[in-house]
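We call the chains A, B and C, going by the order they appear; numbering starts again at 1 in every chain.
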Amino acid sequence: MTAWRGADLISIRDLGREEIEKVLDRAQTIRPDSSLLRGRVMASLFFEPSTRTQLSFATAMERLGGSVIGFSGVEGTSIQKGESLYDTIKMVERYADVIVIRHPLEGSARFAADVAQIPVINAGDGANQHPSQTLLDLFTIRRFCGRLDGLSIGMVGDLKYGRTVHSLATALTHFEGVKLRLISPPLLRMPPRILEEELRGKIEFEETEELELSDLDVVYMTRIQRERFPDVEEYERVKGAYILDLEACRQLKPEAIILHPLPRVGEIDPEVDRLPQAKYFEQAASGVPVRMALLSLILLG
Amino acid sequence: MTAWRGADLISIRDLGREEIEKVLDRAQTIRPDSSLLRGRVMASLFFEPSTRTQLSFATAMERLGGSVIGFSGVEGTSIQKGESLYDTIKMVERYADVIVIRHPLEGSARFAADVAQIPVINAGDGANQHPSQTLLDLFTIRRFCGRLDGLSIGMVGDLKYGRTVHSLATALTHFEGVKLRLISPPLLRMPPRILEEELRGKIEFEETEELELSDLDVVYMTRIQRERFPDVEEYERVKGAYILDLEACRQLKPEAIILHPLPRVGEIDPEVDRLPQAKYFEQAASGVPVRMALLSLILLG
Amino acid sequence: MTAWRGADLISIRDLGREEIEKVLDRAQTIRPDSSLLRGRVMASLFFEPSTRTQLSFATAMERLGGSVIGFSGVEGTSIQKGESLYDTIKMVERYADVIVIRHPLEGSARFAADVAQIPVINAGDGANQHPSQTLLDLFTIRRFCGRLDGLSIGMVGDLKYGRTVHSLATALTHFEGVKLRLISPPLLRMPPRILEEELRGKIEFEETEELELSDLDVVYMTRIQRERFPDVEEYERVKGAYILDLEACRQLKPEAIILHPLPRVGEIDPEVDRLPQAKYFEQAASGVPVRMALLSLILLG
């Protein structure tokens, strides 16, 4: 995929360095313009909740003058009457100009893209992919570190189930001299499939249990979810070891940045918010320009 | 009703041939135009779910530059606090320029229209009426068959509870030389009230249990709902007899068309989708131009 | 607060007579104008339902050409995943130009305003404040009585839990020669805190159990909620005593007006709707111009 116009965005693996940089460049320069997508309609099909993604896609579309139809949650949709995803997509492709889909099932977005005659953007299909999140992560890193090459990046917490760190690590293989430190409890290590198929030989990485942050340019925190653990005590022990508080932040370089895909539930102490390194709210904010860039590239080229 | 501007649309029975054709003609020529209804507000009051109807009305309004307010489901509305439909309408008529209402109670849309000082469009009131569905059915038939007069039309499945077939049959009485074949199990025959009051003497019709389709121009399928049957075995037996699969489609004329108001739950085998006669997704798509036509006629004349 | 641009609106107590009159004057002259707020985004964060407030804020924004993002109810939001109000606001302030928040917790709107770098409008924080409701109440009174000074105003029903009567009474202290009659059962009297801190020495008031209305210019009815009563019989007895029906309305002056924040559940007999004094639907309608005025003052000055 080199031409964006009319393209789907399903997996970050579909994008090379050039495509990624095209989105980031566009995101850097795009400004709200209520005539750009006037009359265009985005279908926002959220089969499961995601406030941040949904609101920032909607904001992006509205800031460019477009309109949004859709639903959030299947409560009150024909899916409850037993309609297939196929039929839902065949309907919506005739109402809208682009589909943004969030669905609990892995592969559902690819399926939707195969079915639809209009472009489909995957806004999360289960544990699988959420490429616009990765693009906004990269955008934020480039914005604050000034580059994507040659960075030392730590990923902390749940690296097993965390969709965002899988995609981000994969995307970083396109850049030169990046060093990854994968920091997690043994139970939540990055899956071998990712390590071997996506990273090995393409990017330098090391795995550790220690929260060693002093040489990092980027600390990417993730949420450790209770339901991943068979045992509550084990959960409490593990969770406590990967919390970023003021004490843990003392090791950070002054120019390092802290990211988190949000929502957080205790992994970052609110006191950290006032450190200059805290950039996770800026990261969330990047969702709007990055999605404006995506919508404009896909709808207009 | 000959002048559309400011008119309600509650029942297909309120429309004569001339009014119907005016909508269909408008739907055929209307194009997205983001200045046509700029500044106008449509209240979309869905007291019960209907994805397709709701999304296509919203799309129609947005494509003409208007805005949409409203709700889908009574969860989270003042109706839960005990507000009457009367009071809800008296509020909304002062916020919006047109009301689109879907309500589980028969007669509720007529009641809303009597109360409101702005136009009301019935988007389904229980088992009663859903006139914009009938208009898009007629639009689709005219589009693919080239005419509405002189057609042989089969209606298949649940003709007892199926609101869409009642309305469509009624509307077809305005056209010349139409022949209806009503194909259903005995339990789900078209109600005598419709047969005697709406059809007898106005249109040629026959009732049968046999899925005989070879001479039809239009096959209108409907969903057979499990909850209509006192007995699960009876349901399974009946359901199986009125499924359209490739085998059953062999009898179809090449120029025949298959319609279904959707969502379908097994009545049409997905393999049928690739037959040239399958037009149910085109039918769903017609919801947008037909509702654009309705909104423009009612708001602008 | 004398300059509106960029200001929050959290409590009616933050407004003096001059600020109040500025909103009412603007509301009187403002007209729909789809270019005024074009490209601006309002975040509508309803953590609990309120159809009327939500729809009228949305209508106001749309009538001025702006867009709306947000949610209604926490079902399907990241709040369910445990996200703090702080984090939600830090996200949304980067998506939108103004936040309208409804939240069940007292003080939550003030908290949101302290956190956010964009203006926040309180659309109801628990039993506490709902200032735009008070502004539309004042707008309606001034519209139909021609003034706010020198009026006799009766407040009827649940004066203990009724947030709207607390705020309205407080706001009325800015005007000259207003007389308040507080009509309620002993269990539901205006709280001493309001009486002593907000009203005593600033406005003339009397408390009574009798539905004596003959000398009033304004009768402000409220809903008596069953859940306020430990005993159902007590509830039924009390409710019956403060119902406005045709009989009770005979005492009204011809030029008096009846208001109610709605939804009503039996406190006003629907037969009263056709009396010339019934102005509660006009009051609900005022929500749109008053909120258009607020949004234009806060976003544009």
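Everything below uses one rule, namely that a contact is a pair of C-beta atoms (placed from the backbone, for glycine too) under 8 Å apart; a residue touches a chain by one contact, two chains touch by 3 or more.
Here the structure is a predicted model, which is why all the values come from computation and not from measurement.
Trainee: Only C-alpha atoms count here: how many degrees separate chain A from chain C in terms of the superposing rotation, rounded to the nearest 5?
Mentor: Between chain A and chain C the superposing rotation measures out at 120 degrees.
Trainee: Please tell me whether the contact surfaces of chain A and chain B are same or different in residue numbering, using the over-half criterion.
Mentor: Both copies, chain A as well as chain B, present different residues to each other, with under half of the numbers appearing on both sides.
Trainee: If you average the Cα atoms of chain A and of chain B to get two centres, how far apart are those centres in Å?
Mentor: Measuring from centre to centre gives 41 Å for this pair.
Trainee: Two or more other chains in contact with one residue: find those residues in chain A.
Mentor: Answer for chain A, listing residues that touch two or more other chains: 75.
Trainee: Under the touch definition given earlier, write down the residues of chain A that touch chain B in their complex.
Mentor: Per the stated touch rule, the residues are 38-39, 41, 43, 67, 69-71, 75-84, 86-88, 90-92, 94-96.
Trainee: Quick check on the complex: what are the chain C residues that touch chain B?
Mentor: The touching residues are 32-34, 46, 49-52, 55-56, 58-59, 62-63, 65, 72-73, 75, 262-265, 270, 281-282, 284-285, 287-288.
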